[in-house]
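Next, two complexes with chain A in common: one pairs it with chain B, the other with chain C.
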Partner chain A sequence: MIAQVLAQAFESPTIDYHALAPEIVLVSFAALLILLDVVLLEKGRTFISALAGIGLLATMLPILTLAIDGTDRVMFGGAYVVDDFSLVMKAMFVLSGYVVVLLSTNYIAEGDYWENEYYGLLLASLTGMVMISSARDLISIFVALELLSIPVYMMATWRKRDIRSNEAGLKYYLMGVFASAVMLYGMSMLYGTAGSTLLVDIGEAVGGEETTSIVTLAVIFTIIGFAFKVSAVPFHYWAPDTYEGAPTPVTAYLSVASKAAGFVALLQLVMVGFYARDDVYEPVLWILAAASMTVGNLLALRQENVVRMMAYSGVAQAGFMLAPLAVAGKIGDDAVVATVTYLLIYAAMNLGAFAVIIALARKTGSATLDSFNGAFHYAPGLTVVMTMFLFSLAGIPPFGGWFAKFAVLAALIDANTAAGVVLAVVAAVNSVIALYYYGGLARRMWAEEAPDGDLTPVRVPVSLVAALGLAAGLTLLFGVFPNLVSEVSDVSLISTLGG
Partner chain B sequence: MFIAAALIILSGAMGVIVARNPVHSALFLVQTLFGVAALFVLQEAHFLAAVQVIVYAGAIVILFLFVIMLLGVDKVEDLNVEPIAGQRPLAVVIGAAGIGLMLTVLVIATDVISGAHSSTGPLGESDIDEIAKSIFGDYVFAFQLTGVLLTIAVVGAVVLARRAATDPEPIPESAYDELVAAQIAARESTLTAEGGDGTAQDGEETTDDGEDSADDGEAET
Partner chain C sequence: MSSWPWLQSGRIGDPQTPSLGSLAVSDFLRSYLTVAIFGAVALLLAGGILSLGRLIRPSHGNAEKLLTYESGVDPTGDMWSQSNIRYYVFALLFVMFDVEAVFLFPWATRLEAYGVFGLVEMGIFILILLLGLVYAWRKGMLRWV
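So, the complex of A and B:
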């Protein structure tokens, strides 16, 4: 018996630990944080968040060494790929995770819902994101997606004695599970067609002529699953309630990192897996993009709560990010570049906007638009920075947002098709609509009187200042020197087709 | 054989949704999971079939039943109250549209689904070997991270469910009473709106059904 087993000795897969180092560091720190909580209990309150931040900075090290090394690493027969695209996205996830840790430091420690595990969950979720940027087969994508989602379901309901937070977590959980189910159904059909879970093999099988109907269904279902994740219309309805009920740092995390992770997976699926079937995915994504931009913006106009407004503006921004994919068949890798550019800039400016919302809520204790009235009179610094983020989100130079919008519009027009041009017009009109509510919030902060003439200044803790500085610096830098972004985001997915 | 298994699965799945008693739903779920095990046997994946029966049909559904009974929700839920008016007709329309879309795609399909196995060759020495090779070979990274995922899920669930020593006082009883009173009032108003004297009878009938089916459930288990 033993001889038999030894005869067909197990061939262990070759593992490149350097390529996996970011994930390994993150998981180690997540485990460390959770274990420390068992030992330290209340004593950990003061430094656990700093330790989480150190963990994230430590994760940047292997990402940087991998970037300097510069060779594409392929593992597990093409299921796990470390290339420029994945490194850029990994760096973005880790940095936005770092900003979220900074945002959470005081928010979580001062609330009566403090628990150490928060940071453990956050790091575990980031592990999923770091993994998804390298995952090039269906199983890895699915495991990574669940690993990044499940901790966030629980973080959304972290204020567990607040019924709104419970609602947020439950709604997000049910919608997320439903989306996963739809997506898995699509994936199972993809596997049935291709007989392989590797995106490269799926790309070959999907491009074939015979398997039209099943492939159409599979592509549509898979895209719908991710449309939930990135909160694209008409799959956006969980977003406003979840964003409003969840603790605000978690909302920032949801609207930036979680959304970006959905886009990363979508980019990989569309560009590597479905690329040959642009007759199927282009119309679907076109509708999603146009509907998200329009509906998101129109609903954002009517919101009274700033977090809900940001939720709908996030829906609209997701439409902009989807737009280049809707013409991906014509422009190839340019679509990836445009979306990645938009994601990077969006991460900086949106995290910044949430940082200001958190800082001001420390004084006002509310998130209604009215509570922003007259902020200039007691918090001039915050008001200036917030105006910058809002104008950046609206796409006004010299802040980063204009380049993001420019990249998307350029990609759409480059496609040189009627659909592309129409979508570009929709996008342009929507930028103008968005200016109305972004500008409206800025006007409230500058021109209105503070409620009750209360002019006591806001005390902004160090960690929030650091987060604001990071986000504001990047937003300005990206706007003034857009070639910085375009150099970083000059990535390609199609060239790695060979595996 | 395939058709028999498919029928078992589909009828079980329908039963899960249609049954008005959570215990019945759980038992229908067992039926579905057995059907899936039968499908695994058809594909000559005997190990997976065994795991499917032991883990899903055995352990997981038993846990479901534990939870249902411990929480005391093994009663018929009142489905007559519709929290958001119009959502059910809308759900029917959307569901029908989805099924319609799928059927259309399948009907206009140029490639008719034959039902033939896509892979006909032998799996290898044994299916256990093959599973081990894929789990610890190509998919080892995803496998390890699944472990992380499960750990994290347990940690988070415990944190959310536990009551810390520093918990503030629970919601006062009076507030709860008010909530219940408001719900009862809301329900009565809907029932009266539906029509006059049927109110009291409706209520009685529902509770009777609940007791009956609860008894049934126990008898079956």
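So, the complex of A and C:
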């Protein structure tokens, strides 16, 4: 055996450096940040966050040139694919990462935190996300998933003198490891069935005439592993505690980028790997979607803490994003388009909402719903943009959220099945429930009196203003010109099957 | 076993077995039944073995026997003992070198075959890992004070 291996001539794989340029730039900047930290120690604090931002913007360049070039690039025998889908998601991850850097700049600098390491870890985690968008192979998916998760376990505990932050990180870590174990178990059965780790080969092996029990188990375990990642009910219970305890910029990162990464992997697995087995994955995704929307929204109604409310709202939004996948067997690539549309718009509006929460907490130092009372009297600008983000999350035109909800509902109706229509009704009812708590928070900000009549204005630092402007601009733009999103999100996974 | 043909064949979409016992079961439910059975077996196996042990083992405790086991010597001190946090750092550093070695050995055995490509790739790999060591050193983690 060994002699046989040794006798083989080694052929170095052809590496398309243009296709890998985003990853290479990101890794170089992450390494550069650590190197600067090692050389300069505390002297680096003044510019390290700016450098992280520059690194992310530099990463956008190769993504743009690849998008302009437009050819699908397949590497390593189909394990790593750079196509429209992966480029859109890479751009989304890098831009969300940039907004998170903007959100973190003052928060991390003003606290008693290690600063240089924070940005190094953030870039490392983003590298994992950029990789997972291209990974079409079980091993690549798993390595990318761990690369994006492990730094975030540490970032969640960044307020290390706060017991809640410790709890947040530990819970997230334990749940993440548990989910990885469940997922790996499913993947091992997939490999056993297909004899290959490539999603394309798995698609062929899994999509036979009959459903074998091993395939059912494999598909369900793998999906459950990712259901933890995207915090779908009933695998959501880590989310509120982790979101509440983690530093708020990290919470924003978790709720947008980390969740989106779970969806990217899930989309690739379902659309490329399991696609023909819709009798297995559709029911389980249907239940996850319906339960996430309903339970997430109902629990959000009862929250007293705005971050916990956003956590449950995030659970409900994850339900909306899962919904098109529950009818994917009928509508094919339209499910990918609907979910990607939702992810893009959700990223803009959710990051914006967290930016306002961080800005207001600079004055109130608290995250209870009461602390938002009367914000209009001392921070009218923040109140206006927060109202916009909240209405967008609820799905009210002309803000972006309506188009996201529209895309999902249209996909569900297009499927033309009883299951699809029922899920569309569940989604519609849940949009109304969600309006109650989103609207309730907006009402507090406009109509209530400020606590203690304290009307000193909030000083919003430049980086937060930039983040708010970016998020608000995109939320409004996506709502008024939805064709901007639909143009970008018009991607497909199934057509790359042959790749 | 004859009433469970779908288990024997290992296939649950078998059209000749449209029912489970006397119950008519849809294809959909039958495919998910695998998951339920799998879960039940997992629970029964763990629960069954534990309760079986409890049922059949003799229990004649005395002070000596009930003593906490600590590698054969008499346990001393409190059960809440703290260990030095520095061990943790060294454990992490050990993992770093360990992983490095795991990848270095297979590469080293076929150094010539991998040629320049392998050399450059390995160089990048070692450089990034080395950054971790330099980081630990610069942050004073290697000092045992």
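Basically, the second predicted complex is superposed on the first by the 487 of 499 C-alpha atoms of A that agree within 3 Å, B and C clash if a C-alpha of one lies under 4 Å from a C-alpha of the other, contacts with A are read in each partner's own complex, and residues count from 1 in each chain.
Heads up, the rule we're going with is that a contact is a pair of C-beta atoms (placed from the backbone, for glycine too) under 8 Å apart; a residue touches a chain by one contact, two chains touch by 3 or more.
Note that the structure is a prediction, hence the values are computed from the model and not measured.
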item	value
Chain C versus chain B on the shared chain A, clash or fit after superposition	clash
Chain B versus chain C as contact partner of A:35, first or second or both or neither	second
First (chain B), second (chain C), both or neither touched by A:170	neither
Touched partner set for A:466, first chain B, second chain C, both or neither	neither
First (chain B), second (chain C), both or neither touched by A:51	neither
Which of chain B and chain C A:280 touches, first, second, both or neither	second
Touched partner set for A:192, first chain B, second chain C, both or neither	first
Partner chain(s) touched by A:12 [first = chain B, second = chain C, both, neither]	both
Partner with the higher number of touched chain A residues, chain C or chain B	B
Partner chain in contact with A:217 - chain B first, chain C second, else both or neither	both
Segment of chain B that clashes with chain C, given the candidates 2-10, 92-100 or 128-136	92-100
Contacts on chain A seen with chain B and repeated with chain C across the two complexes	10, 12, 27, 34, 210-214, 216-217
Sites on chain C touched by chain A in the complex	10-14, 27-28, 31-32, 34-35, 38, 110, 113-115, 117-118, 128, 131, 134-135, 138
Residues on chain A engaged by chain C in the complex (per definition of touch)	6, 9-10, 12, 27, 31, 34-35, 37-38, 41, 210-214, 216-217, 220, 279-280, 283
Footprint of chain B on chain A - complex, ascending	8, 10-13, 15, 20, 23, 27, 30, 34, 75-77, 79-80, 112, 115, 117, 120-121, 124, 127-128, 131, 139-140, 143-144, 146-147, 150-151, 154, 157, 160-161, 192, 195, 210-214, 216-217
Chain A-touching residues of chain B, taken from the complex the two chains share	102, 105-106, 108-111, 113, 118-119, 125, 129, 132-133, 136-142, 145-146, 148-149, 152-153, 155-157, 159-160, 164, 166-168
